[in-house]
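One chain, chain A, appears in both complexes that follow, with chain B as partner in the first and chain C in the second.
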Partner chain A sequence: MDPSSGIQEPFDLIRLSLSERVFVKLRGDRELTGILHAYDGHMNLILSDVEETIMIVEQVEGAPEGQSTVNIAKRKMNMLFVRGDGVILVSPPSRT
Partner chain B sequence: MKHLVGQAKLVCTKVDLLSLYDIHGLSSGKDFDFSTTALPEDVRPQIHREEPTRAGIPSQELEPQQQRPGASFHSLESIWDDKSPFSVLPRTNGSHRAAEQRPSASHAFSPFTGQTQDSHAGAGQTTSQPLHLGGVHSQGVRTLEEIEAEMRQAFAAQRNQNISPSQPAQARVSQGRGTPQLQQRYAPQPEAPTPPPRMHPHAQSPRFHQYQQQEQIQLLEQQRQRQIAEIRAQERRQQQQLQLLELQEQLRVEEYERERDRERQRHIRATQQAQQLQQAQQLQQTQYIQQRQPSGRLTPSVAELQQRRYGHQSPANVQAQPDAPFQQSMQYLPRDIQMQQRLLAEMAQAEFLTSMQGSASPALYNTSNEVEEDREQQETLRAEAMRKIMEAERMEEKRRRKLEKIRYMSRYNDLMTQSDKDFITRIQVSQLVTQDPYTDDFYAQVYGAVMRSRMGVSVPDPVLKFGSVGGVGLGVSQVKGGRRPSAMQRMEAQVERIVNNARLREKEKTSLNSLQGALGKTAGRSYKAAPRQLLQVDANGATASPTLSHAAAHSHISKADAKTEGTRADAAAEAAKMGRQALGGTATGPARREPLTQRETLVKLEMLYDLVLELEQQRRDQPPDEEVEATAAWEKHFEETVEEIWDALQVMVPLDTSDPHPFISLITPIKGKRLLPRVTRHFSSEQSLTLLTLLVACFSQLDVVVNSYLLDILTDSQERRDVEMQTQAFLGSVMQSILPIGATASLRLVSGMLGVFLERNEIEVIARTRPGIALLTLFLSRVEVINQSMANATDPSELPAPEDLEQWQLMFEHFFELITPHLPYLFPSVRQAINSGGIPVTEIPDMDTIDQPVWQFLATLSLNSSLEQQQVLVTSLRDRVLDNVASASKAWSISDEETRKTRLSNVNIFLHALGLDSSQIAM
Partner chain C sequence: MADATPPPPPPVEVSPPPPPPTNAGSPTDFLKGVVGKRVVVRLTSGVDYRGVLSCLDGYMNIALEQTEEYVNGTVTNRYGDAFIRGNNVLYISAAEPL
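On to the complex of A and B.
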């Protein structure tokens, strides 16, 4: 696949994304996009220029079938340290 | 035994129970020595006689217990009766015994304390002999009674000291005080017959014994001084008390005498009116002077004045005299007593004065004014005296507080020995010491180096120790380094000391059976039976784990080996391809291929970063210039790495290999742009030139050019921000690395590059981008510099050849023609205005800052232009110029002064190049 593959393990893929914008999915229905600066074996991440999206799932009282709406809360941060055990996935940002 | 122990508890207040037991253990296993009991009757009366002499509670406690035994004292069995152990006292006086035996007994406790005891004794006490408070007893056994008697005696001795201070008593006291001290020191230790291993003499550092001896000497000195000070203090107190008594007596005498003298003085007063007036004036003057004197002088001077005023009468005289010696001793006395005495004296004086006034007033009405004056003066005097007292008290308070603070801060002094402190320091320092500071904290080191190079140029020493913390700290913070350098220096000094100690110890330890040049421990056991193999620990740990690279994702460098393989393979493939092309002829043309995928670019970039980090590490490990061989090898290695980087950048790949060119693909991610300056500083000028040419040729493939249209839209979005960031990075990094080459290029080169630029790219698109403008400005300004140097040059060889000049002229004209139609659209503000649909140009936000590069470009353009060309320029740009000038001059349109100035200066940049000025334009 890669002609001169320096990639040997999954962490190398993350390594490729250093200084690039990445999309991170976290536990607790949260997502981040930010520029990845550092990572380590625990998947702790250091991101900058981060935007966090929190999805709040709420039960609507009216409909008895259990319909729920999803509200979204966003917030921005300059620098962020993410603890590794909350990280589900790291990927390049979705390209259109 | 239990009942005895219980009784012992009642009596002994200070002696530990454990120590009791241990002492019993020492006394040859017997609890009590009943072998040589004297008749108890003889003993008891003696005890009774002895006890009262030592006043104190212990004796009182003894009495009731001793009275209990009664008649049944004769038999040995009586010991087991319910009696105090003291009733069985087989000897007369235990104190001496105890004192004598104390050193020998304590010797068994620990050699450490024994040492001090020896030196204690050896250094010369006031009385080297043990106390002779009674007869010497021949008993070889120390019993409970002995200790207790000793303790009590020490108490009593202390008390004696307070009551009757006399020299022999003091000597006794100092001895007695010495023993309780020793007791207190020994009491906690007895359960350890051997000292803790740490405290063994041979376990201490070689300097420890020296410290010990010094400490002991100091200790003795201090004790001696303390004794002397105590004696002096006592003497002073005595004097003080005597003086107090004396003073009080004198005051009384004086008052009595005053009463008698009043009659006499009334007559004298009448005659001395004139004199007094004068003296009053003098008094006032001296008062003013006195105000500036310290308060202590007031009393004698006031006394002197009184002396003067009221004649030379004895009471005043007498009063003056005690004041003088009083004052001298004032410095020595404790301050509060001093204060009291001063107050007393002054009050006495005040009384004296009032009594004088009181006696004078009824008799002398015609001197009522004087009396009032006197009263006033006395009032002021008194007030001043009070003020001075208050001031002195306040100073006193401050001093006391300060002393208290110092005492509080130093209450834990001298808890650790020097060896303890060294021990701890060694541990702390060993944490800091690193063989390779770069492995421990790479980023801190690099950051420190960058800071240092930016601020002062300091010595980039490869500090073996303290490489991590010390060097960085010192380099960065210079301002608040008032105290920090000294802490660092102190630590360094400590480390030095520790290292020296360790070295000395090593030297002392190394004997014949230790091997030289061995790393690790060698002299652990004797080598007679079978020599243990040596441990050779390799200091360079990097080679120990060569193939674990895939497990160490965090270390870029560890994977460099694997990566370089890949790079070389890649380069080899490329070379092969190029070779095939060359061989295959031009028919096939350069092998066309797909542009690098995102994945591929990122992979290659990471490889490049590995190489660059390796390169920089090599630079840090550069061997000194003296070692020729090492330097040569290092240089070779360095060159190889640079070559690898060059190949990895794919600059030599033919231009049309792909769109975008691989090099351009590599430059596209922002980390590629940031990588470039770090790489180009190691390239030769040819390599840099090649790079520049490639860049120029493929300029339009750059992402900053392709996406620049986004910048012309005012609405904010993530992409726009990204493009903005990329452009910034490009201008900051790539252009920075290009500048040195561009600034020194010859005219031929410049015209050649301009040609390539125009040929392969669409100038109108390029010129609308900031990078494009920047590049063009670079070229044009270079040419301008060449032209100017042409005018100043003396050396004909420097001048560009005529054909070069011609070439340039052609090129320039071509360029000019191409650019002229688009001149107004070069301005970002114009483009933004157009895109936003209707906002006038002058109201585009930040218009001046974004337009400034364009104005500069236009200036350089006009400098190179002929007159006609300049005319053309002016015509096309007239609107812009007028707009700017108009908006700048009208007061209501622009809010602050800054903007106006910038706008005008922008226009002037261009106009000055033409030889015009904005002021010439009439509005």
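On to the complex of A and C.
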């Protein structure tokens, strides 16, 4: 076992992040940060004090390949239930 | 009314037996071998995550340490720890000798 972390299974990483601010990457170019209150085996999440970041990529018509503008929309929510199947990645951002 | 005995059936082609199953080199053995090693995890979206594989479970949920996120070959994010939900995983590649 890795001595640097007492993690036996991936969900331990989530369990250790309860009551912490986590970063969540979602399908559809969306990201969340919020305080993690609860989760389950589907990775359904309950977050509070949430900021959602939505990346809207717009390909410029007739522009060369790779030339695109990214619009970023943000919104805040007090309390949020996240359905697990939309989750790609969860990270406790404090230790980056 | 001849007592015509039917012709004997043609000899049955005996196909060689399949090779015996081997446990050495099974996918599970590979995954056990890469825990604690540097890996590349590619998601179905094409995004790569490079980091040290802490552990994984039967759903292929993955815990990574010292994770770097690569989109189109450039680093777009770094995470100290990262949980990747297994349904997004396309493959796990060893990034150092086992």
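Going forward, the second predicted complex is superposed on the first by the 83 of 96 C-alpha atoms of A that agree within 3 Å, B and C clash if a C-alpha of one lies under 4 Å from a C-alpha of the other, contacts with A are read in each partner's own complex, and residues count from 1 in each chain.
Following the convention adopted for this analysis, a residue touches a chain if its C-beta (ideal position, glycine included) is under 8 Å from a C-beta of that chain, and two chains touch if they have at least 3 such contacts.
Computed from a predicted structure; not experimentally measured.
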| item | value |
| --- | --- |
| First (chain B), second (chain C), both or neither touched by A:46 | neither |
| Chain B versus chain C as contact partner of A:84, first or second or both or neither | second |
| Which superposed partner A:12 touches (first chain B, second chain C, both, neither) | both |
| Touching partner for A:54 - first (chain B), second (chain C), both, neither | neither |
| Contacts of A:23 with chain B and chain C, given as first, second, both or neither | second |
| Chain A residues contacted in one complex by chain B, in the other by chain C | 2, 4-5, 7-9, 11-12, 14, 92 |
| Contact footprint of chain B on chain A as seen in their complex | 2-9, 11-12, 14-21, 40-41, 92 |
| Chain A contact footprint on chain C (complex, rising order) | 36, 43, 45, 49, 54-57, 61-63, 65, 67, 78-85, 87-88 |
| Chain A-touching residues of chain B, taken from the complex the two chains share | 549-551, 553-554, 559, 562-563, 566-567, 569-570, 573, 598-600, 602-604, 606-607, 669-671, 674, 722 |
| Contacting residues of chain A [partner chain C, same complex] | 2, 4-5, 7-14, 23, 43, 84-85, 87-96 |
